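Each structure below appears as structure tokens.
Two complexes come next, and they have one chain in common, subunit A, joined by subunit B in the first and subunit C in the second.
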Partner chain A sequence: MKKKNNMKAWLYLLPAILFLGVFMVYPLIDVCIYSLEESYAADGTVASIGLGNFRDVLCDKFFIQALKNTFILVIITVPLSTGLSLLIALGLSSIKTVKKAFQTIYFLPYVTNTLAVGLVFMYLFDKTDRTSGLVNMLLGTDIDFIDGEYWMKMLVTSLYTVWIVMPFKILILTSALASVNQDYYKAAKVDGASSARIFRKITLPMISPTVFYLIITGFIGAFKAYSDEVALFGSKLNVAGMNTIVGYVYDMLYDQPGGGDFGNASAAALILFAIVFTITVINLRFSRNKVQYM
Partner chain B sequence: MKVVLENLTKRFPSRNKKGEDVIAVNNFNFEIPDGQLIGLLGPSGCGKSTTLNLISGLETPTSGKIYFGDEDVTNLPPEARGVGLVFQNYALYPHLTVEENIIFPLQNLKGDKKMTKEAMHDKAVETAKLVQIDGLMERKPKELSGGQQQRVAIARALVKIPRVLLLDEPLSNLDARLRLQTREELRRIQRDTGVTTIFVTHDQEEAMSISDLIIVMKDGVVHQIGKPQDVYDEPANLFVAQFLGTPQINVFEGRIQGGKVWIGNEAVLDVPGKADRDVWVGIRPEGFIPDENGPFTCKMDRVEVMGRDVSVVSTHEKMTGKSIRSIVSAENKFKPGQEAVRFSLKPYKVFLFDRESEERV
Partner chain C sequence: MIEKKNARLSRVLIYFFLVIWAVIVLFPFYWMVMTSVKKTSAYDSELTPKMIAEEPTLENYENAFKFREGTQGKEGSLGRYFINTIIFTVVTTGLMMLVIVPAAFAFARLQFYGKKALFALFLSLMMIPSELVIITNYATVVGLGMNKGNMTYLGLILPSVTSVFYIYLLKENFEAIPDELYNAARVDGTSDLKYLLKVMVPISQPTIVTIVILKVIECWNSFVWPRLILQGNKPYYLVSNGIQSIRENGFGRQDVPAMMAAVVLVSLPLIVLFLVFRDKIMAGVSRGGTKG
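Right after this comes the complex of A and B.
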């Protein structure tokens, strides 16, 4: 009986296993193998070169730049977007009239195409011969946000990323806030707690699993940033100095003279994996005592 | 602390624009004496929880006043009123331990009332001892049984020494045995602390058994206030008579004619001096005396044995319920197959209500 059940279970799992095997497990193993090989495009031969690809990547100034950009983006955008989303979600859950309208407005960026948002940002920030961009006009300044100083470009990128990721976080946080039993708030009110204390002692612990989930996925998402940068600065990110790790991998695959460098691309991808893995483990450790699973 | 409600009214706007407002609490006037245990009793949806929320300050009245002692608290927010509130689902903070839950109200104190950590701890332990949960201080709410959770909720409500303690359906989430035990406990805690306590319930037995005073309400209107026994013995109207007592009172269509109460074509009771009119006749189950020569004849259905007493189930063409239940001593013998049963009635267990207004005659 038990054996029969086992067979059944495997049968049910078969489609998923096949699919995942072909599209996830096999490529993953392949990436690991590629990262240890060097292919010579000229004669099509392949040779194993140990950790040589990793050394090449880590010594590449473009990779170092991409690494730096990615880290800066992660450090700025994850706390900023989560914090802002929480504020907005709190605001949304405390207003009564036109709540639905605001919810819709805040959710719009989520359903908007990344490149379309990029276009909007162009209008806001791009300096051309005819216009200096909406932001410059409003501030009365003359800053080149797209082709100018590094930190100005970083500012625009961060704004862009925060703006793009916020709707999802607001949506999740609003529903988390709505799921907190109102009786807790009533009880706290009767007990004489101030709003600040209610937020700190009741609301935040109650929604902590959601906040934690958003922080983890926020970190992972920010480390995978690429399309936002392309939308703002075009596909030549190395030239703009705004490349990210994923962008670097892409460039290695498709944007190399004489075909892709699969070895270096795989090595860079594995380095990214190692970073994300480490950060997530640290997050899990750090939050173990802070997150309240009811 | 004496609690006085004066012309208290609460209207809720209707959900759709054309509908009428819902009047949850309609022109309440009553005074709750200091240090008593009050049962606010009524069927669900009668506005009793709204009344409690008005007293706690979680809702503001549409009109009318609330006084604690001589102080007008109508416009004070809940935290300034000094009330303790126990929710139906207890609303214990799930992420805090029992001690942290109990201490929570103390940590909110400001100014000269502010307490040191040690003082708060001592106070929490003292209150926990009162409700006998001092051995569970480190547990989280989910690690407690329903009864224990409720004690924690009561401790949290009592720790600040409230002027008024409010309990919303305090026993409804407990199983039957625990309910009996907890209501004794509630009575004891109230006696020990002397805090004026108001609790809401839809269970008449619960309200009658422990309250000093019960307030019977329906559809936002107070129907009767009084000591439980008095309200049971002298119901003001048909609703109160039907709501109190198990088994329910038996109600018949009847009339007063020539100083006698008639049910069908039998004159069952003398009521000298009462004017002729149509009435509802309410007879408590314990008001029937089996009597072969009694004036009231019912069709026998069955006899249910309960040990000390027996419950005689019979029918009558003028009854309003499905059957008539009378509780009589088991010493009365009933023959098997007996078709009719005759009763005489205890006059003080028979109540007459006007057919139209349903008020007591």
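Right after this comes the complex of A and C.
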């Protein structure tokens, strides 16, 4: 009986194991090997092994630029989008009429194609020979957001990133707020607590695991930024000075003579993984002291 | 009395704030639709952007579809990109269901040697970012010639037909179905496969629909993997790649209204899907979507 089940179970799992093996497990091992293969002999065999790829990547000015851009983007967008989402979720949870309509509208960016809408953002901010664009018109300024100063480009990138990531956060926070036990609020009202105090002492502690979850996923997502930047500045991100770490990895493979620099791409991808992993671990450590789990 | 006034004031402020954010979210959509119906000549003569199209026209949509790019014999067009994306989305999602449903069933219902270890391995794969495996996958796909001719579809599809997360989601769902049903079916001599297809899949239909919709959204918006393996192979571009390519090499700079028409066409299917399946999508995303 058990033997028969064994065979059958593995048969049911076979497609999943095959696909995961070929496209997940094997590549994981392979990427580590690639990252250590430094140079190749004329016949294509590996000539030397070492940490040279990591050194090359860390000394590449384009990688440093990408690293800097990614960190700035993370530091700006994660707190901003989480804070703003919390405000909106609090607003949503305090109203009854047209709440559903607001929720529907707020979710729209989640289902849009980032390349398509990013292009619209680009045109809104773009300054051409003919017109200085809608945003400049509204602000009464004359700033070149797309081809101009670094911080102006960073501003547009941050705004677009926040716009894109908000739906997920608003959704999660709204349902977290809805699941807080109403008895706590009733008790606090009887005691005559102010709404600021209720927020600090009841709401915030109760939803802190959710906020914390959003901060972790926000960090991970923001570190992997790439498509949004392509949508705004085109695919030559190194030229625009707006590349990200993921973009750097892809650029090592895209349009390269000989099919791509696999060694450097792998080293850069592993560096990215190490950064994300470290930050997640630090976050988890921190949360153990600060976050209340019910 | 004062308290009542305060409450009303804060209510007004809350609505004001919510409306502002709604406008910020909606405005890019309004702008793309409005620009897409402006006459190209009218758009080009605007010194300050106008909020309303004076003589709305649909000719930009026609122009967007007429457009061809690439060299003779390796042509791309918006229509072609749509067909490619539909093929890619349907086949990827279909194959994925064929892979994950049996796997979830095995984990949820069958007893076998090494089950716990294998499941732990699956879960640990959930934490692996795709950037880490994409380099080798690219080498694999190119090595197998899956970036040439019609084999390209395989190269696009195969790396994304498994999702550990969806196996996990479905397994949880299957496990919630009472054992009594399974035992009764065994007594009746129903085979496992028949039980899976006739009982478990129908009962778990809401979850399966959610998974399908989330996967369709993901497929429709795919950009980086196709870009990597297509590298200028225009006849096989998906819509995202098409948008990017038209913007950089096509009419993106000269004919902004036509570009916006293309953008509207690419965005519309998912927006319609969302409005139809709003509750399912939002429930599904809050259970397991990650973005941002």
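Side notes on the structure shown:
The rule we apply is simple: the second predicted complex is superposed on the first by the 264 of 294 C-alpha atoms of A that agree within 3 Å, B and C clash if a C-alpha of one lies under 4 Å from a C-alpha of the other, contacts with A are read in each partner's own complex, and residues count from 1 in each chain.
Criterion: contacts are C-beta pairs under 8 Å (C-beta built on N, C-alpha and C of every residue); 3 or more make two chains touch, one makes a residue touch a chain.
Keep in mind it's a predicted model, so treat the numbers as computed, not measured.
Aligning the shared subunit A places subunit B and subunit C next to each other free of steric conflict. Judged by the touch definition given at the top, the superposed model places A:193 against subunit B, while subunit C stays out of reach.
Of the two partners, subunit B and subunit C, it is C that touches more residues of subunit A. Using the contact criterion defined above for the overlaid structures, shared-chain residue A:270 touches subunit C, although it does not reach subunit B.
Within the superposed three-chain model, A:205 lies in touch with subunit B and out of touch with subunit C [touch as defined at top]. Of the two partner chains, subunit B is the only one that A:181 touches; subunit C does not reach it.
Minimum Cα separation between subunit B and subunit C in the superposed model: 9 Å. Annotation: subunit A has no residue touching subunit B in one complex and subunit C in the other. Interface of subunit C with subunit A (complex): residues 11, 14-15, 17-18, 21-22, 24-26, 28-29, 31-32, 35, 44, 46-49, 98-100, 102-103, 105-107, 110-113, 115, 118, 122, 125, 128-129, 131-140, 142, 158-159, 161-162, 164, 167, 192, 217, 220-221, 223-224, 227-228, 231, 239-240, 243-244, 247-248, 252, 256, 259-260, 263, 266-267, 270-271, 273-275, 278, 281-282, 285-286, 289-292.
Contact residues on subunit B toward subunit A in their complex (touch as defined above): 56-58, 77-79, 83-85, 87, 89, 91, 93-95, 104-105, 107-109, 142, 156, 160. On subunit A, the positions that touch subunit B within their shared complex are 181, 183-184, 186-194, 197, 201-202, 205-206, 292, 294. Looking at the complex, you find that subunit A touches subunit C at residues 2, 5-6, 8-10, 12-13, 15-16, 19-20, 22-28, 30-31, 34, 81, 87-88, 91-92, 94-95, 102-117, 119-121, 123-124, 130-131, 133-134, 137, 161, 163-169, 171-172, 175, 217-218, 220-222, 224, 226-227, 230-231, 234-235, 246, 249-250, 253-255, 259-260, 262, 265-266, 269-270, 272-273, 276.
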